[in-house]
Amino acid sequence: MKNTFGTALTLTLYGESHGPAVGAVLDGLPPGLPVDEASIARRLARRRPSGPDATARREPDPFQLLSGVFRGHTTGTPLCINIPNTDTRSADYLPDRPRPSHADYAAHVKYCGHQDYRGGGHFSGRLTAPIVAAGAILLDALAARGVRIGTHILRCGGVPDRPFAAPPRDLANDLDALDAAPFPALSPDAPAQMTAAILAAKADRDSVGGVTQTAILGLPPGLGEPWFDSLESLLAHALFSLGGIKGIEFGDGFALADLRGSQANDPLCTDGRAVVTTTNHAGGINGGLSNGMPILFQCAVKPTATIPRPQPTIDLRTLQNATIAAAGRHDPAIVRRLPPCIDALTALVIADLLFQRPPSPTLP
Amino acid sequence: MKNTFGTALTLTLYGESHGPAVGAVLDGLPPGLPVDEASIARRLARRRPSGPDATARREPDPFQLLSGVFRGHTTGTPLCINIPNTDTRSADYLPDRPRPSHADYAAHVKYCGHQDYRGGGHFSGRLTAPIVAAGAILLDALAARGVRIGTHILRCGGVPDRPFAAPPRDLANDLDALDAAPFPALSPDAPAQMTAAILAAKADRDSVGGVTQTAILGLPPGLGEPWFDSLESLLAHALFSLGGIKGIEFGDGFALADLRGSQANDPLCTDGRAVVTTTNHAGGINGGLSNGMPILFQCAVKPTATIPRPQPTIDLRTLQNATIAAAGRHDPAIVRRLPPCIDALTALVIADLLFQRPPSPTLP
Amino acid sequence: MKNTFGTALTLTLYGESHGPAVGAVLDGLPPGLPVDEASIARRLARRRPSGPDATARREPDPFQLLSGVFRGHTTGTPLCINIPNTDTRSADYLPDRPRPSHADYAAHVKYCGHQDYRGGGHFSGRLTAPIVAAGAILLDALAARGVRIGTHILRCGGVPDRPFAAPPRDLANDLDALDAAPFPALSPDAPAQMTAAILAAKADRDSVGGVTQTAILGLPPGLGEPWFDSLESLLAHALFSLGGIKGIEFGDGFALADLRGSQANDPLCTDGRAVVTTTNHAGGINGGLSNGMPILFQCAVKPTATIPRPQPTIDLRTLQNATIAAAGRHDPAIVRRLPPCIDALTALVIADLLFQRPPSPTLP
Amino acid sequence: MKNTFGTALTLTLYGESHGPAVGAVLDGLPPGLPVDEASIARRLARRRPSGPDATARREPDPFQLLSGVFRGHTTGTPLCINIPNTDTRSADYLPDRPRPSHADYAAHVKYCGHQDYRGGGHFSGRLTAPIVAAGAILLDALAARGVRIGTHILRCGGVPDRPFAAPPRDLANDLDALDAAPFPALSPDAPAQMTAAILAAKADRDSVGGVTQTAILGLPPGLGEPWFDSLESLLAHALFSLGGIKGIEFGDGFALADLRGSQANDPLCTDGRAVVTTTNHAGGINGGLSNGMPILFQCAVKPTATIPRPQPTIDLRTLQNATIAAAGRHDPAIVRRLPPCIDALTALVIADLLFQRPPSPTLP
């Protein structure tokens, strides 16, 4: 379905980086959810580049809710979020020299040269703005049902953060701390050290990658479907839409490959009130279904592909070898901006499973 | 869509481990593809447990093509592959004691106790048999168009295999070697050493995990869609349907997180005939689209959850703590059986993108 | 989606008239629904040709439930119904002479000659058997929730039946009567007169068409979606899959075109307990949503295309004009067999809207 | 999928009659199609009410192409058409008194009172403006491939038009004439007589219904799918999204019910160059597939539900009986405005089948 994702709750994305606008249509929302514009603005601000480590492009993100909201609540009909593009500098992009490890060349072939190449066009990270705006509505609605989602940077430019706490109560505290923190990290020293690593790369006209970790707290057991709509399948599908993500692992992920079953299995027990597991190597998912424990996953984020250094490429007109040095404004660490995007897409998957419109309405 | 996957080409899965049959319906095939029953049988045999390291359950997999095939070719209408279950021992399963790190508990909650719990029911690895059978038809059809897919075990029980060769010509030789090899590994010593590691775990009444590596050779650039149907999204969606897979990374994956952009980017150049990249850190995918280089990805496979050792669990009737020691026949290393399943699901994603039915037919 | 229909509840169809089997996979069922094999057999018997007015082909329809049923109830996983083909006479079909007004010629072009042409192949009315079997499970489940569906022949071979009674209570009696009646008509004289008209056509080596009327009783208001998933859209989509149906109208349908708004509108009022309309010209649907009144629609069914008379056609090998006279066994009135098929597809649409799997399961 | 329709080519609709905007996202377009803004404006003007027989609401429809267009051509990425709402008079609508035979009451129940009730909200005919705009791009693209679509009013307020000419060459002339005509009718007298009938109803503070007839010329044989994606299923699904349509019939439709097979069948023959049928009772579709003949279908359009006469209804607050007399500006004959909407939705279905993005792109 290309630019539409979801089953009962769908998000349809549109827009190009240097066109009139970017936006999204969110359909399948239950009626009567509060729509808090301040909350949307707050999450958009978290996604926006800021500080010395970020791109110089200013994106005020003056979003418009074109439909689906009435008297501050969702109507249950499609909600369109439109974000006009304002501050664009198209001359920065060389149409004929594709940037290495960017979509430029593959998009040129796919669209037979008709794509809007300016700033990556439809492939631009700018398209994550409407994703984050839509996610804000969903995250608020999930929180009202006791489901919380948060993402921190587990590693960036060689600097580690501590992982999420395992006990659900401590994990809830971690999520509280992330909500309040200006930098998405849990250790007190991580923000300064990661920022330093990013600035060092920027000074070298280079970029850095990283790893994120996400937690979902408060899911009931049994969410997800066997086989093709496993919870891992749905989350991975949504998250790999972010161009910088090149790997996803759930629970202990790749480390599980080197364990034995007796080490990797999570014993079941009852704490008197609920069935829990004493460890959570599986990241809260068994056989594609949530098991009631916190969902945990990590994403590998590659370093920003667009760097100011000269790099070998080809000239699409002459098909000769050539060189490109990016002149545009780019983040030296896209991992720094991804946590709100990951939260939003995670919320979309979870809300799609949890918020299905009540099937047999009756007069209130 | 639960048990159906794909857009133009769809696979619908049905069956339980100890019910009458497992099977799949493959719809959207172009008419006129050869259907080679020997090829299906050969791939099913590769998936089937064998040797001293495998489960003792014998599954002769006498598949039936119930529809969609006429005179040895696809008709273009739905192709149903049905595989009756024969050798089942239901008494091996304790309905009231869910196996740790298996779908048992979550499925019990999800289906309100109505699921067929015998042998994992619909969550059983036995459901991969129709996936492999369907994949055999697709792999043959892709090969006829110059697209080849192969998977080896890159690591198992602590034993490494060498990775795929990088140059496409050498990679083609690796795929040839895998086709002929009884054990899915590239290094000469890996089969014996991995088998020894698996048998050692079995002797300990335990199990081992591993990592697989998959290559797709011969794809044109431009396959995949921006955002939600990125090639990574589609492949990850399909592959995370296999319960044992807990992580997927493309190209250098998690290792990219620790590189700088200048190290991770793949420079573009022309070799006189085609546009290529001089390295392939991205695993052949940029911005969600194939770039013409080989596609490479790794999957983390957890150790088999079902082990003969006693493990803590709960009793679903009494909701008291209890113990389970699996008595059934289980592979001590599911990674050993996954390569044909991964190949089949990969073929499904690629064929869905490549083989769309010609849109405007004309009289032949 | 070709041979799959539905959103939360999907039916996937497979099979050819003269291949090994026909069947369907029903996915998305709630767990715990009773599966009554006698009820399935009874509905299949209603679809089966019988009596002097029907085709001579005997189809005992020995259906197999291959998956998704455990201890007499649905498991919540895909339910596969397989019906082996037994009594086939392939020599009756001339592969090179397409029957006028049948799918033969268009299918030949579409599938480039690879289709299984025997007996219409995948286009055969035999494929309605698994539809009826799947529908039986759904109709029983709907009835348990107070939703009833029934279809009678409103007109056949020039013979009229009386329409459904308008008051819901009388309509319920009509549905009771239809359940018990061997011939799907409401007037006492209609069965004999319609049978006579069918036999007269048969004696002329010809066929007749007709009109059916369907009622859905017990739906709450608000089912359906605005625009593309209007209740009319979904029902029409499902029903036009039956090859013989060439028209559908809801409520007064085409007769509304000649009324004024003041005549066609259904005034709203309250009967003290519920909001009702004093007339039902709209057939229970406004703006694509159910309004709480009975849903009523009529289908136009063309006369059976396959008739024993010689008819002009072409020879596909020589592309010269030719003649065909059908030698196979065919019903002179497919309208006679359609009511159970229409009920089943109607149940599929309604159950898809009503029975969506509970979204947030909790431990029972 | 609620407000999204299509498989490879999808249209997603958003907006409310009195909200900020209405619009649509069209995804799956091939890259490089010309986008002619004058053509879009021309089709929007045809949909817009005008003349003494129409609503007094002026809708200048200043559409914005927010994405997916670059240098006058489609890029191949989602194309968003946004149409701001300007001339709205919300006070005309009584929120607590649902209009008979309108979506008001059912929507109130479905959305638990959260729907935007002003002017019908999301159910308003105003939502057809973005449908018509999207359709304009598709109709131009189809015409460039030799596929033409046109709709006229076959009957309105008791006044008949002549049906489309049967011979394809004459039908092409009819489509030419419709393109040029200010009123969508074929007979010279129909426009004046139909307008008089509409004005007579308006003078009576009432409304009239009608029947439309649509032709598709130039389709190759074999388009459509067996069973659930039959051409009839897809067209009916799309067209029943228009609230005023209450019936659809293909070819001779309901009249076929009274014919015998020997009368209804369309004999096949060859005219030396192509296979044709000597009659076209089936409306160009057999077994759900196009057969190469012109596609013909009729839609029954009910009279406009909103009329100025007082009508019985209920008060949603008190649940007591009440009266409503519409004060808003409404067309006394929605059939007058439907032909461009029907053309657009027909183009969406046909383009979805014909214009699928080329599956294996190669460097141009």
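Letters are used for the chains, namely A, B, C and D, taken in the order the chains are written, and counting of residues starts over at 1 for each.
Quick note on the criterion: a contact is a pair of C-beta atoms (placed from the backbone, for glycine too) under 8 Å apart; a residue touches a chain by one contact, two chains touch by 3 or more.
This structure is a prediction, so every number in the text was calculated from the model and none was measured.
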Q. Hey, what chains does chain A share as contacts with chain B?
A. C, D
Q. Using direct touches as single steps, what is the fewest number of steps from chain A over to chain D?
A. 1
Q: Check B-C against A-C and say which one is joined by more contacting C-beta pairs.
A: B-C
**Q.** Between chain C and chain A, distance of the C-alpha-averaged centres to the nearest whole Å
**A.** 45
Q: Give, as an integer number of Å, the spacing between the C-alpha centres of chain D and chain C.
A: 27
Q) In whole angstrom, how far does the Cα centroid of chain B sit from the Cα centroid of chain C? A) 38
Q) Which positions in chain C touch two or more other chains at once? A) 1-4, 7, 13, 77, 109-111, 122, 220-223, 226, 275, 361-363
Q) So in the complex, which bits of chain A are touching chain D? A) 1-4, 10, 12-16, 19-23, 25, 27-28, 31-32, 64-70, 73-80, 82, 109-116, 121-122, 361-364
(Q) Quick check: in the complex, which residue numbers of chain D touch chain C? (A) 1-5, 7, 11, 13, 98, 100-107, 109-111, 120, 122-123, 127, 155, 158, 201, 204, 206-211, 220-223, 225-230, 232-234, 236-238, 240-241, 243, 245-254, 256-270, 275, 277-278, 281-283, 286-292, 300-307, 309, 311-314, 319-321, 335
(Q) Touching residues of chain B toward chain D in the complex: what are they? (A) 7-8, 77, 220-223, 226, 274-275, 353-356, 359-363
